[in-house]
Each structure stands twice: as C-alpha cells, then as structure tokens.
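Going by the order they are written in, the chains are A, B, C and D; count residues from 1 in each one.
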Amino acid sequence: MEEASPEVQARVRTSFEHQGLMEHLGARLTRISPGCVHIELPRRPEVTQQHGYFHAGATSAIADSAGGYAGLTLFAPDNSVLTVEFKINLLAPAEGDYLEAVGKVLKSGRTLTVCQLEVFAVEGDRRMSVAVGQQTLMQIAARPEH
Amino acid sequence: MEEASPEVQARVRTSFEHQGLMEHLGARLTRISPGCVHIELPRRPEVTQQHGYFHAGATSAIADSAGGYAGLTLFAPDNSVLTVEFKINLLAPAEGDYLEAVGKVLKSGRTLTVCQLEVFAVEGDRRMSVAVGQQTLMQIAARPEH
Amino acid sequence: MEEASPEVQARVRTSFEHQGLMEHLGARLTRISPGCVHIELPRRPEVTQQHGYFHAGATSAIADSAGGYAGLTLFAPDNSVLTVEFKINLLAPAEGDYLEAVGKVLKSGRTLTVCQLEVFAVEGDRRMSVAVGQQTLMQIAARPEH
Amino acid sequence: MEEASPEVQARVRTSFEHQGLMEHLGARLTRISPGCVHIELPRRPEVTQQHGYFHAGATSAIADSAGGYAGLTLFAPDNSVLTVEFKINLLAPAEGDYLEAVGKVLKSGRTLTVCQLEVFAVEGDRRMSVAVGQQTLMQIAARPEH
C-alpha cells in the first residue's frame, strides 16, 4: 500500500498531535495511506482494565481515530471529519506488547464515509485480531481557526 | 433510584479501581444502582480531540464502562463481565465541565445482557445528551485470582 | 402523544403504500405522531423463521421502516428519507399475535437524524419487548418524480 | 472456496426451507461453504421501497440469514443458531436484477460467533456493494422436536 502524499500526511499528523487523548494514552500514528491509517498503542498499566488486558475503551478509542483519519486522507484539504457512529465487536481479550488499529475506507461519499475498523494485538511474532468494527463519518466544512 | 447494596457497591468499586484506564482518564463512579451505573469524566486537555471537545474515544470508554458495571450489579457475586460489542452514535460535539455516562440494563439474561448507554455533557445548569448507544455484555465465571 | 398533522400523515401513508415490501409482509401503519411512528405486523407463516417465531428479518424490516417514517414526520415537506445504518439487538424469541415496531426520533439534525427503535410482541394482554435498536437517517432533497 | 459437506448442506437447506419469510420474499440459497453462505434475492415489486429500490428491510433480512447460516455450518450438528444482534450500513441505493448477500464467519467461539455481512446488487455484469454489516450469533442446544 503506497503512502499518502506529504501534504495529506502532514494534515493527518497535525490533527493527531492536537488530540490530547491520543497522546495521553501513548498512541502513535504508524501508517498513513490513502484511505487507510494505522495507529499503535503500547501496553501500559494506564490503558488496561481490571484483569490487565487492554481496556475496551482504549481499543475503541484508537479504532475510532484510525477510521476517522482514514476518512480524512480522502477529504478535501480544508474539510474536517466527525464520527457519526461506530460499532465494535470485541473478539478476544486484548493482550500483547501493543495494539494496532487499522481503519480502512469502504465507501467514500460526498457527505458520509463508511470505514471498516480492525484491531490486532501483537506479541512478538503473533498478530491476533481482537476487535472488528464499522464506522460512519461525516465530512464537514473546515472549522474556522479564529 | 435506590442505591445498590453495600456488597454490590464494593464489588463495582473494587473492579473500577483496578481499571488503569479509568483512573488515567480521570473518570469517577458517581452512582451505583441495581442495573444502572453513572460515571463522570471532568474536562481536561488529556481527554480531548483536535478541536478541544471531549474525544469520541473518551466518550465511548466511559459509556462502555458504565454499561459494563450496570450489568455487573445484577450478576452472581463471583461472576465477571465482558463487553461483547457496543454501538454508539455521537449526537453533538461534547463540550462542558464534565461528561456523565449512564449505563442501564435493558435485558438481563443468563448468558447475555443488553444495556442502553447515554452520555450527557454538563456545563453549569445545562445537561445535554451528546451520545447514545447500545451494548451487549456476557456474564462469565469469575477468573481465578491465582 | 398527539397525532401528526393531516398533511404529514398523508405524506407518510402515501410513501408507506408505495413500499411493496411492507404490503407483501402484511404490515400496517398504526400511529403517526410528530417524531414517532408505530407499525404492526400480524403473525402469518410468511413472516416466520424455522422455529415458527417472527423472523429477525421481518422484525428488523418493520423497525427500520418505523424509524424512517418517524424521521420523515419532522422533515421538510419535499424531502425524503434514507436509512444510513441501523443496529438491532434481538432480546427474546418474537412470538405473539402481532409485532408492534415503534420508531422514535432522538435527535433531528439538518442532515442526519438518530432514532431509537423498539419492537414489542403482543399476545392478548401481554406486550413484551423483543428487540431494541438505534438508527441513523439522512434527509435528502426530494427525488424528482419525472 | 470449497463446498460444505453434504450433511452440513442438508442441515442448512432444511432450516432455510422452514423459514416462511425467505420463501415469501423469493430468496434462495446459492452457496454453502464452511463458514460462508450466499443468499440471492431477485427483484420483484414485493421487495421494494417507495422509490423502486430493494427495501432496506429485505436487504437486511437476507444479510441476517446469510450470516446466521454461515455460523450454522460450523456448529455442532444438533445445535441451532440465534441472532443476538446485527448492524448494517446501507452504502448505496440497491437496484439491479438481484441482490446477493454474503455471510462470512470472522470468529467462531464456543458460545458466540461474529460474522461479516455484505450485500451486492447485481445487474448484468455489474456487481456493486450496497450494504456491509456485522453480526453476533449465539450457538444454542438444539430445540427438542417434540
């Protein structure tokens, strides 16, 4: 999969860096392709639930962001993205060195975009699907900066 | 709405305190009734997205936890709870002093429980619904501690 | 709950009558209020699954239509409605004399509308919730008739 | 993709033939592979909505059935299948000679199974994705026949 243009990559990275939550969780952008974005989240006690697995809320948060940015790579340069809704199935306890969320655009319309979400738990060589989801995004005219 | 028994409250609070993510986000349990749990999340830069609103991932995380604990209040004392899946619609930009997530059991079965999720943004006197969702939980035999 | 205006009722009824599927299933509109529509489906072998219960597909079809028409009651007179997505939990086997689907608008926006869906199975005096759902609709400019 | 064993095919076909709704809609099973089932629905006025497209309820009904039977192909011979919930995004108006629903098992657990659903509209040589969904199934002990 080819990488997105430098301009698109910069647009996505700038937005990501302004998301307090992603930084607070320790998430990082690891791939920005046209219509497809990867986000990784290393294991830390701060992102777990009561049994030491990754918390479903952390899994969902990076899945939602990966999908949102996948949509953004295909939007007009000045537009921004809003999550309308998403649905996620947690397939297995999420344990490993890190999670990798993959957001992929399935259908890009003028107003609405639909993405497939998948989250993998990676431990050494093993990469296991731990969540799958589906998301609806809305393309909105860019918010004025001031 | 009456409060849950001291035993059930203790069970929910103990589990909550073991969720690294909830503490890391700054979320707190504010109500534990039979079949209904409230979780609040004060605004901090650490839980926002690129425009300064609460991040959909933070909104979803507390909604998922509120639903999960609402289910847990009705489970057998030794059992624990797993989120099978949830779906959430973001209705409006989430801004305010804090978010309040309300998880409510709609149907409690032997294996599966279905919850309604709602998240409100509260600013002073104003309380506005910013997200609604639906969640499926699974009751599982308690994990052995050692 | 008050009834919708005669004009709105006529708009909904005309659309409903043009839905081949609703007539084919034997469904009927039983209430049209602003932001809330009821559809009933009597039991017949033609709408069942392999164990004689109402088929989840029939349950979903009337739930989707009830929500869509609930949205339509609040739209501009010339606009029409499109289902963007819906999610439904089947809570219990659906058996009874008839099903009653209730679609209710939770949030009506300029472009998107979010509805709550609920389906009841009615047998004599008993009215039991058998499905709950959530739906996103889109308001679109009316399709030209020619 | 290989076909399912004659025994599994017979089990799926027998169940399908007992679904009044599938016959009433005019749907037919066109492929039964292990973990993957196809159902086709030819265009007829009886399965349309007010603009002449396939009704979202018909699209959902065959998607739900395709997923349910995909799950059933992997279950123990005496067990049956229940839809816990599903979510579907309608991507485009569904028009064509027929619809083809494809249900595919993503994760098969002891109690729960998660399927991916996709529906295509086929017109001559053109095959277009018109809906994608995600479904949770439950494997239950077979219902006694008497």
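Some notes on this structure:
Operating definition for what follows: a residue touches a chain if its C-beta (ideal position, glycine included) is under 8 Å from a C-beta of that chain, and two chains touch if they have at least 3 such contacts.
Just so we're clear, the structure is a prediction, and the values are computed from it rather than from any experiment.
Counting C-beta pairs in contact, the pair that comes out ahead of the other among A-B and B-D is A-B.
Chain centres here are means of the Cα atoms, and by that rule the chain farthest away from chain C is A. Averaged C-alpha coordinates put the centre of chain B at 33 Å from the centre of chain D.
Per-chain Cα centroids separate chain B from chain C by 30 Å. The distance from the centre of chain A to the centre of chain B, with each centre set as the mean of the Cα atoms, comes to 22 Å. For chain A, the set of residues that touch two or more other chains comprises 84-85, 87, 89, 134, 136. The residues of chain C lying in touch with chain B in their complex are 87, 89, 91-92, 106-107, 114, 116, 129, 132-134, 136.
Taken together, the chain B residues at the contact with chain A in this complex read 15-16, 18-25, 44-51, 55-58, 60-62, 64-65, 68, 80, 82-90, 143.
Taken together, the chain A residues at the contact with chain C in this complex read 84-85, 87, 111-112, 134, 136, 138.
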